[in-house]
Amino acid sequence: MLPAALIRLVRARAPLVHVLTNPVAAALSANALLAVGAVPAMVEDADEAAAFRPDAVLANLGSLTPGRATAIRVAVEAAMLAGRPWVLDPVAAGSIPARREFACGLLASCPCIVRANASEVLALAEGVGTGRGPESTAPAAAALAAMRAFARASGAVVAMTGAVDHVTDGAAMHLIPGGTALMARISGLGCTLSAVAAACAAVAPRLPAAIAACTLFARAGERAMAHAAGPASLAVALVDALADPDLLGPA
Amino acid sequence: MLPAALIRLVRARAPLVHVLTNPVAAALSANALLAVGAVPAMVEDADEAAAFRPDAVLANLGSLTPGRATAIRVAVEAAMLAGRPWVLDPVAAGSIPARREFACGLLASCPCIVRANASEVLALAEGVGTGRGPESTAPAAAALAAMRAFARASGAVVAMTGAVDHVTDGAAMHLIPGGTALMARISGLGCTLSAVAAACAAVAPRLPAAIAACTLFARAGERAMAHAAGPASLAVALVDALADPDLLGPA
Amino acid sequence: MLPAALIRLVRARAPLVHVLTNPVAAALSANALLAVGAVPAMVEDADEAAAFRPDAVLANLGSLTPGRATAIRVAVEAAMLAGRPWVLDPVAAGSIPARREFACGLLASCPCIVRANASEVLALAEGVGTGRGPESTAPAAAALAAMRAFARASGAVVAMTGAVDHVTDGAAMHLIPGGTALMARISGLGCTLSAVAAACAAVAPRLPAAIAACTLFARAGERAMAHAAGPASLAVALVDALADPDLLGPA
């Protein structure tokens, strides 16, 4: 399914996305989901999470707390058992050993998509710590082979975002160029793409879902750049662009 | 008291509002309170909350955690004992049974205003779960009778926001039309209205306070729409509009 | 070192700043750090914090929770032992006794900069509660002597922000005028300045670091005011201005 058709399906079905994420990305993620026609729900309590029935789940490990870690475990286990898609965003797995371990433990619950930067991909794929913080310190090229092997081993589609986004299911490698360099200065934007990828996975298979989310953000960033005077106005214009049903072309 | 005069009183008195809310709505709520001349304080620790003396309290149940749930119980109990107004925003009470139970338990501490969508009103009034997530799946018309009965039974003014806002103390039903449909795409905007309603309740009786908050947001949304290219720029322009002392007319 | 040169050094070195802060200020702080070329990391778990090696730490006490309090204790102790700079932002220490006590306890770990408003300075310096909430209720003039004595006693540079910012190491008192009054209506902006001060302290001595952060925000506020229609558009334009490498003059 092409990105434009897939995003229209998100808008038509309005999937309920259970977003477990960090405080920095929470508002931006919720607003991006509303912009594309999905419905965000930020249930953080493990007991509530156990009883919740969303259409997809995002497990973002940024600013992890013991409470959110428990809720994440419960939510992704429930998603797996119910056959609902969930997306793993292993924030800072490249630089915090405990974070990498937690992320690897979650792989047993079969995420449909892992959205990460190059350092995080290397950390999950090879147990190598290369990041210094949440940002990537590894070039994308260094992670491509690991990324493909990791996709095959985990069964997840891996979306590695950066100057060019790479998406693979372990076979072909899909490149999504575009966007703008200034997007790297918007805190939580990668986390937000992960949330939208979960919405996409609720309505379509994992590979086109990951490609659609990356394509959507690349196009939104390009259009927003025309209205931006810096990273904060870029973020505003980017969410505005996400809300345009015709961003990826008219229906 | 008319909305314009009431909002001017908020600006003159600068009430201190203890905001207990979810991470998505926290910054927007704090900025909206500052915009209307109130002072937000986001005390989350139960011990600190017990010693805190605000002019009003907001108990918003979004993304509830055990820690915030305890702080909310402490804060609303203290508010009731001290005769200070507090506002209940029962986020997702329509779709999460534990949330509905928690909300119903808080009613014993006598909120002055309950701000909710139609699904949440039905959940509190009739114990019926109709929501699928935080958004309402019930039409406003279906909740009007329940809303009036619930206001009478609880003693709270109920403000049900939607395409048209409805406010009742159990007797007359006040309709506040206006705003713009795009406001539904701003995550946490209802939560933010609840915070401003608490500021209003600190300076005036509950019925005109709830009406003033709804009126203020409707006018702010209309003015903001003229400057908005999508939901994110609408949110920026809406807070800018809230900061205009003459938004509801010149003094 | 002059502010312009110091901020260029931040951009060149990209210090990793461990930001422990409240949910209201989290996104704004992260975006401001990215805008000036620093790298924010919001590690909240005490075990993760103990293993983390940032270039500087911000301990902001807003919306303190038991979990974040523990992480703060661990992070600032680790920073002191490793000789890394950390900044204390004692939010609401002027109005919440437990907050003041916690802040005073942290002084034993030797913050390099304490960024506070006048009420918070008085609370830390003299154990006097003068604030009503997070905002200051004391005039800056009333706190100047206490501020200087507190800087000498604690060994920290104290940056007291307000209509005019004051910075002292206990000897000379540096005044940084400028900015715009509307900046007081942006929730979390002082917290954000504290985060940027930590980035500055990672690349330069504490006194010029504190002066540079205050100078940067004053200039950013002035430039942003030209593009602002209210506090929300001011915040957007202010972060945009922070991202301009030439904000304090061409290289």
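Couple of notes before you dig in:
Going by the order they are written in, the chains are A, B and C; count residues from 1 in each one.
By definition in this document, a residue touches a chain if its C-beta (ideal position, glycine included) is under 8 Å from a C-beta of that chain, and two chains touch if they have at least 3 such contacts.
Since this is a predicted model, take the numbers as computed values, not measurements.
Counting the residue numbers that touch the partner chain, subunit B and subunit C have less than half of them in common. Rotation angle for the C-alpha superposition of subunit A on subunit C: 120 degrees, rounded in steps of 5.
Look at where the CA atoms of subunit B average out and do the same for subunit C: the two points lie 31 Å apart. Residues of subunit A found to touch two or more other chains are 23, 26-27, 67, 235-236. Residue ranges of subunit B in contact with subunit C, taken from their complex: 16, 23, 26-27, 30-31, 33-35, 39-45, 47-48, 51-52, 54, 67, 227, 235-244.
Interface of subunit C with subunit B (complex): residues 22-28, 62-67, 92, 95-99, 132-135, 184-188, 228-233, 235-236.
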